[in-house]
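Below, subunit A partners subunit B and then partners subunit C, in two separate complexes.
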Partner chain A sequence: MMLAVNLTPILQGLYMSLLKLNQYTLNQFLDAPFIGLDNYRRILFEGHSPIRAGLGFALRNTLLYTLVVSIAAIVIGLAVAVLLNRDFPAKGVARTLLLLPWIVPSYVVGSLWGFMWQRDVGIVNVVLVDYLHLLDEKPFWLLGANSFWAIVIPTVWRAWPVMMLLFLAALQAVPEDQYEAATLDGVSKWGQFWHITLPILKPVIVIQFMFQFIDNVYSYNIVSMMFGGGYPGEWADLLMPLLTRQSFSYWMFGQGAAVSFIMMTLMLIFVAVWMRSFKRSLANDE
Partner chain B sequence: MNKRKQNLLLNALTWAVVLLSLLPIFWMVLSSLRSFGEITEGAQLSSEQALHWENYRDMWLNVDFLNYFLNSLIVCGWTTLFATMFATFAAYALARFRFRGSDTASIAITVTQVIPGMLFFLPLYMLYKNMGESWGIPMLNTYHGQIFLYVSLFTPASIWIMRGFFMSIPRELEDAAIIDGCSRFGAFVRIVLPISAPGIIATATFIFLLAWDELFFAWMLTSSAEVQTIPVGIRLFNGQFQHRYDLMMAAATVSTLPVLLAFFACQRFFIKGLAAGAVKG
Partner chain C sequence: MICSPKNIKKLSKPGKLKLFLLSLTLALTAPALQASELNIWVMATTEQQQSDMKELLRPYLAKNPSLRVNVTVLQWESAWTKITAAAASGQGPDLLELGTTWVAAISSMGALEQISDAQQASVGGAKAFFPAVWSSTHRYDEQKIYAIPWYAEARAAFYRTDVFKAAGINPRDAFANWGSFKQAMQKINGQVINGKKIAALGYPGKNDMSVVHNLAPWIWNAGGDLLSADKKKSTINSPEALQAINYYTSFAVEGLVPMASLEKDSAQIDTGFFNGQYAVIFTGPWILKPLSTPKSKGGQLESVTANNFSVAPYPAGLKGQQTFFAGSDLAIMKSSKNKEESWKLLSYLVSREAQVNYTKMSWMLPTRIDAAYDPSLMANLHYAEFVGQIKNGRHYPSISAWGPLESVYLKNIGSMFDIVAGVKGKYSNLAIKQALDATAKEANEVLAELQ
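Entry: the complex of A and B
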C-alpha cells in the first residue's frame, strides 16, 4: 500500500514527462499529445528553450550551495558540539538557546535575512561599513555573485544547530575512560579528537551528510522568500525555485516533469553510491 | 590556575557563539519595534529610541494577517493530529509484528526520505486539479487538500521516530498485561501508550514544526486568501512600491511564536527524542 502511494506519482510523473503539456493541454492531460523523449531533448540539448537557459546556472548553484551548506553545517555543528561537551554553568540553557535558529520557520529566515542583506537599510551593511569600517562602500548583497553567499549563510545559520545537537548526543555516548587512557598514554587533545572522537562520530556524520545533501538539493523556502518569488539572479537560482517558476509561469509542465525525473534519478544514484561506500561504517553502528 | 583560565576562556567562547547565533533573532524582534521611518532612513540605534508597539497592531490591519494565522493553525493542527495518530499505529505495527509486506513498507518509508514529495508537485497538482474538475471533489484551494497532503508527507518520517520509541519498550510488559487478561489492543492502550507518551509528544511537536514551515505546496495548492497559510500571506508585506519591513518583522515575530511555544513546552521530550534518533542512526 505504502509503496503504491509512493510509486503512483513517480509513474505519473514519468508519464507526464513524455507529454506535450502546456496551458492548452493541461486540463485534459490524458489526451495531451505523446511526444516521447522530446522534453528531455529540449532540456538537455536545445539551447534556447526557456527551461534550458536557466538550468545550467541552477544546477551549478544547487551543487555548490548543497556542498557548502552541508559541509559548513557539519563542521560548525561538530566544533560547537565539542565545545559544549564540557561542564560549564547553565549548559542546558546554552544548548536550548542554540537550537532557536532552527525553530524559526525557514520562510521567516528568508524574509528576515532578505531584510538584513538590504543594501541601504540592512543591518549587515550598517555593521560592516558604518560600525566596523571593514568595507569602503556598501555592497549589494542580493545581486551578482554576492547573492550566492546571501542564500548560503542563512541556510547554514539555520542548519548547524541540529547537527550540533545530534553530535552532542553521540559524544555523550563516548565512554569517558577512553579519553582517560589516552591522556595517560600522552596522546594530545587533538590526537584524541582525531583517533577517538571522530571514528565514533563517523556513522552520524555519514548519515547526516546524506540527509543534509538531500534537504539542500530541494531547498526552496529561503531563496523564494528572500527574492519575493521572482527571479533570484543567476547566482542564487536553485533547481526547485527554477522548476516551479518555469512550470507555473511558462506552463511547461511536461518539461518540468522531465527535470523532476532527471533530478530524482541523480538523487537515487547519489544515495545508492553513498550508502554503498559507507556500508561498513554504518553497519558498525548497529 | 592555567587549567582554570583555559576553562573560563572556553566558557566565554561558548557564550559568544550562543549570542552570535541569536543576533538575527534579536534583530528581528528589535526591527519589529522600530518605526518605518527609522528603518528606511537607516537611523542609528540609540538607547532612548521609543519602542513602536503599534507595529503589532498595524500588521493585523495592513494585511488581513489574522486570517492567515488562523488558517495556519487550522491546517497545522489537523495535520499534527492525524499524522501523529497514523504514525503511532503504523510504527507500533512495524515495531511489533511481522506481516506480509512489512519489509516493503519499511523500504517504502525509507524511499520517501530519499525522494521528497516536492519532486512530484506536478503530478500532484494535476491530480488535485482533475479531482476538482472531473470528479467534483475540490482539492485545490481547500483546507482538506492541504491537510491530506501534509499528513502523507510527514507521516513517514514520524513513523521512523516512533518506531524507535516502541522498540525500546520491553515486549514483556505487554505480554504480562495480556496474561493478566488484557486484550492485545487493551495492552497497547493501557501499557504502551502511557509509556511512550513522551515519544508521541516529541513526534507531534516535530510534525507541527514541519507543517508550520511548509511553503512550497502551500504556495502551489492555494490561490485564494481564504485558505492560504502564513508563509504565503507574509509576502504581502513586500508591496509593489514599498517594503514594510517594520510590519513584516512584526509578522515574522508573531509567526515564530507558535512554534517557539510548542518547542519550549515540549523541549524536554523533543531534544531527547531528536538525540536518541541520532545515536541509533
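Entry: the complex of A and C
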C-alpha cells in the first residue's frame, strides 16, 4: 500500500513527461498527445528549445549554492555547537536565541532579506559602508553577480541553527571520560576536537550533509520571495524557480515534468552513492 | 399536529380542498424558495477584499435573500495556477475573475461559458465599455465573447507640481513629447525641496512583475509593438522597440533615475513618490487611495506629495501618445451548475452602481464608460485628471499564448536591467540590442511551441 502511495505520483509524473502538455491540452490531462521521449530530446539535445534557455546558469548556480550553503551551515553549526557545549552563564538563553533564525519561515526570510539587501537603505550596506567603512560605495546585492551571495547568506543564516541543535544533541552522547583521558595525556583542545569529537560526529555530519544537499537543490522560497516573483537573474536563478517558470509561466507542463524527472533521477543517483559512502564510513568506525 | 392523518379525516370537504391547494402551492413554490448558492473567485485587489466584497454584494443580496454567495479571495501571485487547475479539471467556482490578459487562454481551454448577444446587450454591449478592455473579452481572431470587463487599471504620469514650479517648468510643455520630457527631467533632477534633494524620475527595474506594462506605452508610442501583426512573431527587437527601450533606459544611465530604484518593485517606487524621492513616476490609479486617505487610517493625505501633485499623460513619441490599459474581467465557468444565477450576479457586478461602489473601495477604474464619468467619482479632482489621460488606453493583443509570451519578456527584459545598472558589462545600445535579440529568439520559440 505504502509503495503504491509513493509510486503513483512518480509514475504519473513520468507519464506526463511523455505528453505534449500545454494550455491547450491540459484539460485532457493524461489523454494529451503522447510524444514519447521528445520532451527529453528537446531538453537534452536541442540547444535552442525554450526550456534550455537559462538551464546552464540554473544548474551552475544550484550546484554552487547547494555546496556553499550545505558546507557553511554544517561548519558554522558545528563550531557553535562545540562552543555552546561548554558551561557558561545563561547557556539556555543563548541556545534559544541562536535558534531564532530557524523559526522564521523561509518565505519571510526571503522577503526580509530582500529589504536588507537594498542598495540605498538596506541595513547590510548601511552597516558595511556607513558604519564600518569597509567599502567606498554601496554595492548592488540584488542585481548582478552579488545576487548569488544575496541568496546564499540568508539560506545559511536560516540553516545553521538547526545544524547546531543536532550537533549539540550528538555532542551530549560523547563520553566525557574520553576527553578527560586525552587531557591527562596532554592533548590540546584542537587535538581533542580533531581526534575525538569529529570521528564520533562523522555519521551525523554525513547524514546532515545529505539532507542539506537535497533540501538546497530543491530550494525555491527564498529566491522567489527575494526577487518579488520576477527573474532573479543569471547569478541567482536556481533549478526550482526555473522549473516553475517553464511549467507554470511558459505553460510547458510536459517539459516541466521531464526536467523534474531528470532532477529526481540525478538526486536518486546522488543518494544511492551517498548511502554507499555512508555505509562504508560506518563500517570503518566499527 | 394539525396535519396528522387523524385530524385530516376530521376536516370538512372544503377544508380538505383548501389543505390540498395549500400543499400543492407549497410543492410548486418550494424550488423557488430553496436557497441558491454561488461560488465566486476574485483576486485580492483591495486591502480587505473579503469584507469589501461583502459590502459590494450587500445591495444585491438584500434583493435576493434566498441567494448565498461564497467569495474566495485568491492572491494574484498564485491565482493563475489555481485558475488553470480549475479550468483543466472543471472543478471550479461558478463565477470567476480573470486578469484581462488571461481570458483568451482560459477560453481556449474550453473552460468558459460563452456570453450570448442578448446577455451582452443586457449589460450595454461593447459600446458601454472602454474599447481597450472590451478587446480582452474575446480572442483577437474570433467574435465569441467569454467575459465582461469588471474593473480596469491604466498608467499615467504623476508629478510634483511644487517641484515643477520651483524648476520653472510648465508641465503641459514637459509632457508634450519625448524631447521636452527629457529636457524637463534634466532641469528638475536634483532640485532641493524642503532641504531634500529630489530625483527627476523613479521607475522600477528588474525585480518587478510590471516590467512589461511599464515599457509597453513607450514602445507603442515609438511605433513599435510587442507582437507582429499576424501575432506569430515577437517584435520586441524591432528598431522602434529598441529606440523606445534606449530612450527609457537612458534616464537611468544619465542619472535622472536613481540607480537604486532599478532593484525596487512598483510598490516601492510608489512609496518613494509619497516620501518625496521622485518628482515624476508612471503608475496606476491605486495611488489615489493613499494620497486621499489620512495618516491616521494608514494614508498619505497630510504628506507634501499629497498636497502638491497632479496627473499628466505619457509624453508623445513619434507615433503616438498611448497608455497601458488592462484590468479584470468576470466570466462564468462552463462547469457551473447555476449559470442563470451566475449571470445575474455578474450583470450586477458590472453594473454602473456596483462599478462606482467598487472604485470607491479600490480606486481601480470602472470599465463602463458611464461609471467612469459618474459625478460622485469625478468630484475627486485627481481622479478626474486621471480619467482624462486614459482615452488613448491600449491593451495587449488578446492571444491565448499571451501569458507565456509576457513571462519571456518579464524574464529577459528584467535581466536587461543588470546592463542598465552597470553590473553586467558596459551599457551600450549594442548591448541592449543583443539582449532584445535574445529575448525575441526565446519568445519566438515559445510562440512556436504553443501555436
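Points worth noting:
Criterion: the second predicted complex is superposed on the first by the 279 of 286 C-alpha atoms of A that agree within 3 Å, B and C clash if a C-alpha of one lies under 4 Å from a C-alpha of the other, contacts with A are read in each partner's own complex, and residues count from 1 in each chain.
The criterion applied here is as follows: a residue touches a chain if its C-beta (ideal position, glycine included) is under 8 Å from a C-beta of that chain, and two chains touch if they have at least 3 such contacts.
If you're wondering where the values come from, they're calculated on a predicted model, not measured in any experiment.
The superposed arrangement places subunit B and subunit C in clashing positions on subunit A. Once the two complexes are laid over each other on the shared chain, residue contacts for A:L166 go to subunit B alone; subunit C is not touched.
In the superposed model, A:A257 makes contact with subunit B only, not with subunit C.
By the touch criterion defined above, A:N221 reaches subunit B but does not reach subunit C.
Put subunit B and subunit C next to each other and count what each touches on subunit A; the higher total goes to B. Using the contact criterion defined above for the overlaid structures, shared-chain residue A:F248 touches subunit B and also reaches subunit C.
Within the superposed three-chain model, A:D120 lies in touch with subunit B and with subunit C [touch as defined at top].
Superposed model on chain A: among 2-10, 182-190 or 236-244, the stretch of subunit B in collision with subunit C is 236-244, the rest showing no clash.
In the superposition on chain A, the residues of subunit A touched by subunit B in one structure and by subunit C in the other are 26-27, 29, 118, 120, 228-229, 248.
Chain contact summary for the complex, subunit A toward subunit B: residues 1-3, 5-6, 9-10, 12-13, 16, 26-27, 29, 80, 83-84, 86, 88-89, 94-101, 103-108, 111-113, 115-116, 118, 120-121, 123, 126, 130, 154, 157, 161-162, 165-170, 173, 203-204, 207-208, 211, 214, 218, 220-221, 224-225, 228-229, 240, 244, 247-248, 253, 256-257, 260, 263-264, 267-268, 271, 282, 285-286.
On the subunit A side of its complex with subunit C, the touching residues are 22-24, 26-27, 29, 48-50, 53-54, 114, 118-120, 138, 140-146, 227-231, 233-234, 245, 248-252. For subunit C in complex with subunit A, the touching residues are 77, 80-81, 84, 87-90, 105, 108-111, 205-209, 211, 258-260, 262-265, 400-401, 403-404, 407-408, 410-412, 414-415, 417-418, 421, 423-424, 441-442, 445-446, 449-450. Within the complex formed with subunit A, the subunit B residues making contact are 7, 10-11, 13-15, 17-18, 21-22, 24-25, 27-28, 31, 39-40, 42, 44, 101, 104-105, 107-109, 111-124, 126-127, 129-130, 133, 152, 156, 209, 212-213, 215-216, 219-220, 230-231, 234-235, 238, 243, 245, 248-249, 252, 255-256, 259-260, 263, 267, 271, 274-276, 278-279, 281.
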